[in-house]
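Letters A, B, C and D mark the chains in the order given here, with residues in each chain numbered from 1 onward.
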């Protein structure tokens, strides 16, 4: 395609309109179903992701929240088949339906060299630590150029021009193209990662805690930039973070993960006002707020379970303030929350309905489970 | 009205400002005009800490908030005696501290203990939990025999709620979760039976879900042992939750200080305002992030430090010529609050249109966002 | 040797296996390379200890009977005889002790110097570090063997002690360098600052906080020095710079070469000592790799692989999927695939997106 | 530039240390080296006694400091004195005859071994667990074989028995050294077996270290990122993994140069190769102290110079070192 001589190649803003035709359609752009990943170790399989169903629609921001070890990164990287041994995908399906693949591609069937067609061209990633994800001995311009040359048919000049305009896009001066990662500040490096992620105008961008390592002010700035770019280029975002409060501001929908399973999916408003799962409630209670009255908060006592050796029934039971013996028999499948305003609000906890107050703090001493508290349920 | 007219410069921050923490208990530690310069490779000097003064009181928490590189960890190391002061003084229980020899240092350590940020690196991987606790008990409580040690170790473990103690004492650090390790660090600090505890980002490396539990534990310990606690953090919301007084650091200086609630609800210094506006807020659904992300083009990359200017001026929306030529001192806003800014009258006008003590309650995010 | 490199990191062991594992825990946890190396070395150390008593003859005894000169291996002389009718096997059994003894002494002396220099440079820092690092770096770039040759060339008596001292004098810098680097890294770890918080003294921190974390590094540098000492002492003896009246593997090679053993076809005289040096060296190299692998399990052969669907998937392959047989196509198949309709539709055909 | 200056200063210090050691060795060693030489070489005129004393500094008038300064002055002017064995040949002339042989052979073989070893190491590390990786432990044997031992066996098999290669020497007996085809081809032919032995004993070491660095580098996030970017395989391996892994390998190369040269000395004895190694050993066996010391210095300076070149290459490859050196 030819471009105007004056501006060279530029990023498009028109994809939004092409998407408009099917943007509201029901078919998700990424459909993860029944997806499971284990890590094979000497001491048995670690079931890092267990039977997860998650759909991402075009132009949507889905937040994936959970503590470290909950499997959120494994889910995201696994769906691109970027996990390394001893990781093994034990089942499920990941179907990608993008602009160029309207009939859908099964990622798990792809041979190694076929995956390169999907990688970055369709799904790109912003890594957690830009310092580690950028090659220390290549200039940042060359690293973006690598992507452009691998996936797009452009002349050398056009490709370089595109890299420059990408840097413009994330407000980095063009002459920084020749800089090496160690010469940039943390915020700038993360912007370079974002520019690189957008270089081929992918339809999905996975963001793996892109701002966790940054100071709050810079973090805010970069998040705002991401949102702004998303509005212009309308890609879908899978945003992974342990910071639920951030997701509530940023995401359209939030999926909460615990011990390899999704325990709740709902719109941000719904998660914020009517969280259904005790774990989600606990997470929401883990953030002191700057606004509103100062209140006593408890967090979630205890530690996540050993993924090699999960308790029967609900894996959150040992830490759950509402748990009953009946929880040992549930299978943690997601079910609709009937009382919710969001028709797509699902949760893995069948016993707790939205609106249950969190029990007062102080009854528990340490991380060890205090035993079950059936009265919490009966109070409901 | 100029800022100086409404807010008088504070000559000696430690004395002239009433700390809200003073109500909790007697004065334990005074930091007086701490300065720390680091000599860089090419003969340049980095002023990591500049003229920092504050007091710690028994039973009270002072929160020290700042971004990475603001010098807040250096303050902790200076107070702990891990770094040498370039100038300034530290007073403990009214007496100036002089760490002249080994003995003086060890004696100081039984009064002042520092808890480190990273529980994965602050415990020696080759030693058991027992070793980590035994050493301070032996050195500071002079208990040597097993009969004396064991009850003490068990008591320590119970104080940080690692039970059954015998089971945890035999473990190596790699067998513990991050939260459990940090509990061991707390226990090790307590074993010296200190009166002052300096906690350098004690929860930032832990999972969100257990951070509050750890902060609550720290709070319990403060109450039980009547500790003077310095809580260093980059998270201003947790400082509000946890401390009596909050100090905000920027580029090695304290730019604002005041009672935690007042300071976070009505920040005076433009930097504090920026910090408060940037903190994630779940109540803020439909914030700038969701409404298309209108981004204020701010220069967030740190500009080179110019001496004799307000360090924040390159990023400040209120900066004037004076801010670029003269470094503002801490100026009193009310009896317990002070900020270092020439433009307070513009940055936080409502603070001065009210009678002293009365605090306006409309949010402040406006001018920056 | 390759057969021993069976991957242990993949199959989950049975319960009985686990019990055995606990009983011989430390040995089972060793990487296979370290096991082979340790076994090899153990064998030679045993020979060094009991070898001389097993020797059937006096290694120096020159049988005056000319028919016993350069005999091929036989029942009486299992490894044949030298030109002077000496028993090769007896010489070997004696020589292993001498060679290992010398290397051991060099290893101990050089490692002690390396530890002292490395830890003081890393821990004390400042001027100390500057001077000590400079010293070890200078000794590192000086070519050791020529200097050894010159030094020993001046010595009128080229005995064992002289060789040990000269070898140790030049053998410590490498170890000092890595120990210094490790000490520097450890010194900046919080646990060192934390023990200072506890009020520990400097020497206590060095001995009980830093040193225990460097055990594997110190072991590795000891093994490295021993390897260097064996190689250098054998080479020096081969040149003639040793006490040629004693029996070590090096002097055996010297006499075999100077009496033209190979040209005379007496392979039994020349090959065994060289082979033993190579085997001892192999043992040491394997042991060192084993130590490396203990510290960094990813270095184990095949540690980054997983077998799925009859194929090994490596670090850089896409994550395998159970039940899907995604065989890597041959080069030809990949070439043909690039012309298929599927491949053509998947090709990136678009250039940069349209202008807004 | 700062980096290069620092390194230059370091090599100057190293050279000075070598010179000083060289100066003090004859003074610290037991016995009178001059008497020793005089008694061994009856052909020496009594006038040579003074020259020897001057060179070795034994019994020389003047303070130690004075001798030291004179010694440094001589060395800087390439005046290594007179040789004893081939009296009155100049030591520097003998060095000029032998040094080119050694540098050509050892230099070429070392570089070839490094390149092949590093290349194989890249493959073994990238495909960790592949067949190349599995034969690796066997290669440690090659690394541990004494160089001269392997060389002698190869001479026996390939030169004496199979007669594929010449027995030794730098060139055929009848050739006259010069820039003509016959001589050059003869020299190359004679260097094949020594070079081959040097290469196979060194390749395994480079391969093993490169493999380990490569495995560590492959685990880095930027390599994963390169794969996620869907880059061609070749680009990921060479541009991202190997490009970074080569840096520690190069530092290792610099550190090992001294050892490589040491191995080459023994090699020259076995092959009767007309280089400095053979000259050194001959000097030692004939107690030719001045020559011994001069050779040690020459070898040391060659190693230091090679180190400097490796440093420059490192700076060219690593932008961080470049920034530090700016």
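The rule we apply is simple: contacts are C-beta pairs under 8 Å (C-beta built on N, C-alpha and C of every residue); 3 or more make two chains touch, one makes a residue touch a chain.
Keep in mind the model is a prediction, meaning the values are calculated, not measured.
Chemist: Centre of all protein Cα atoms: which chain's centre is nearest to it?
Modeler: C
Chemist: Counting C-beta pairs in contact, does C-D beat A-C or the other way around?
Modeler: Answer to which pair has more contacts is C-D.
Chemist: Rounded to the nearest whole Å, what is the centre-to-centre distance of chain C and chain D, using the mean of the C-alpha atoms as each centre?
Modeler: 22
Chemist: Can you check how far apart chain A and chain C are, centre to centre, with Cα atoms defining each centre and the answer in Å?
Modeler: 46
Chemist: Could you grab the centroid distance between chain A and chain B? Build each centroid from C-alpha atoms only and quote it in angstrom.
Modeler: Averaging C-alpha atoms per chain gives centres 32 Å apart.
Chemist: What is the distance in Å between the mean C-alpha positions of chain B and chain D?
Modeler: Computed from C-alpha means, the inter-chain centre distance equals 57 Å.
Chemist: Quick one: which residues in chain A touch 2 or more of the other chains?
Modeler: Within chain A, the residues that touch at least two other chains are 82, 84, 113, 115, 117, 121, 151.
Chemist: Could you tell me which residues belong to chain B and also touch two or more other chains?
Modeler: none
Chemist: Show the residues in chain C shared as contacts by 2 or more other chains, in ascending order.
Modeler: Residue numbers touching two or more other chains: 304-305, 314-316.
Chemist: Any two chains that touch count here, so list every such pair.
Modeler: Contacting pairs: A-B, A-C, A-D, B-C, C-D.
Chemist: Can you list the chain A residues touching chain C in their complex?
Modeler: Per the stated touch rule, the residues are 1, 3-4, 7, 9-15, 37, 40-45, 78, 81-91, 108-115, 117, 121, 151-154, 158, 162, 201.
Chemist: Going by the contact rule set out above, which residues of chain C touch chain D in the complex?
Modeler: These residues of chain C touch chain D: 1-2, 4-5, 7, 33, 36, 134, 137-138, 140-147, 149-156, 174, 227, 231-232, 234-235, 238-241, 253, 257, 262-263, 270-271, 274, 277-282, 284-286, 289, 292, 296, 298-299, 301-305, 312, 314-316.
Chemist: Could you pull out which chain A residues touch chain B in their complex?
Modeler: Answer in residue numbers: 67-68, 171, 185, 187-188, 215-221, 223-228, 230-231, 242-246, 248-250, 268-269, 272, 282-292, 294, 297-301, 303, 361, 365-368.
Chemist: Touching chain A in the complex: which residues of chain B?
Modeler: Within the complex, chain B touches chain A at residues 67-68, 161-163, 177, 179-180, 207-213, 216, 234-238, 240-242, 261, 264, 274-285, 287-290, 292-295, 297-298, 300-302, 363.
Chemist: Would you pull the chain A residues touching chain D in the complex into a rising list?
Modeler: Within the complex, chain A contacts chain D at residues 80, 82, 84, 113, 115-121, 124-125, 127, 129, 132-139, 146-147, 150-151, 180, 182-183, 196.
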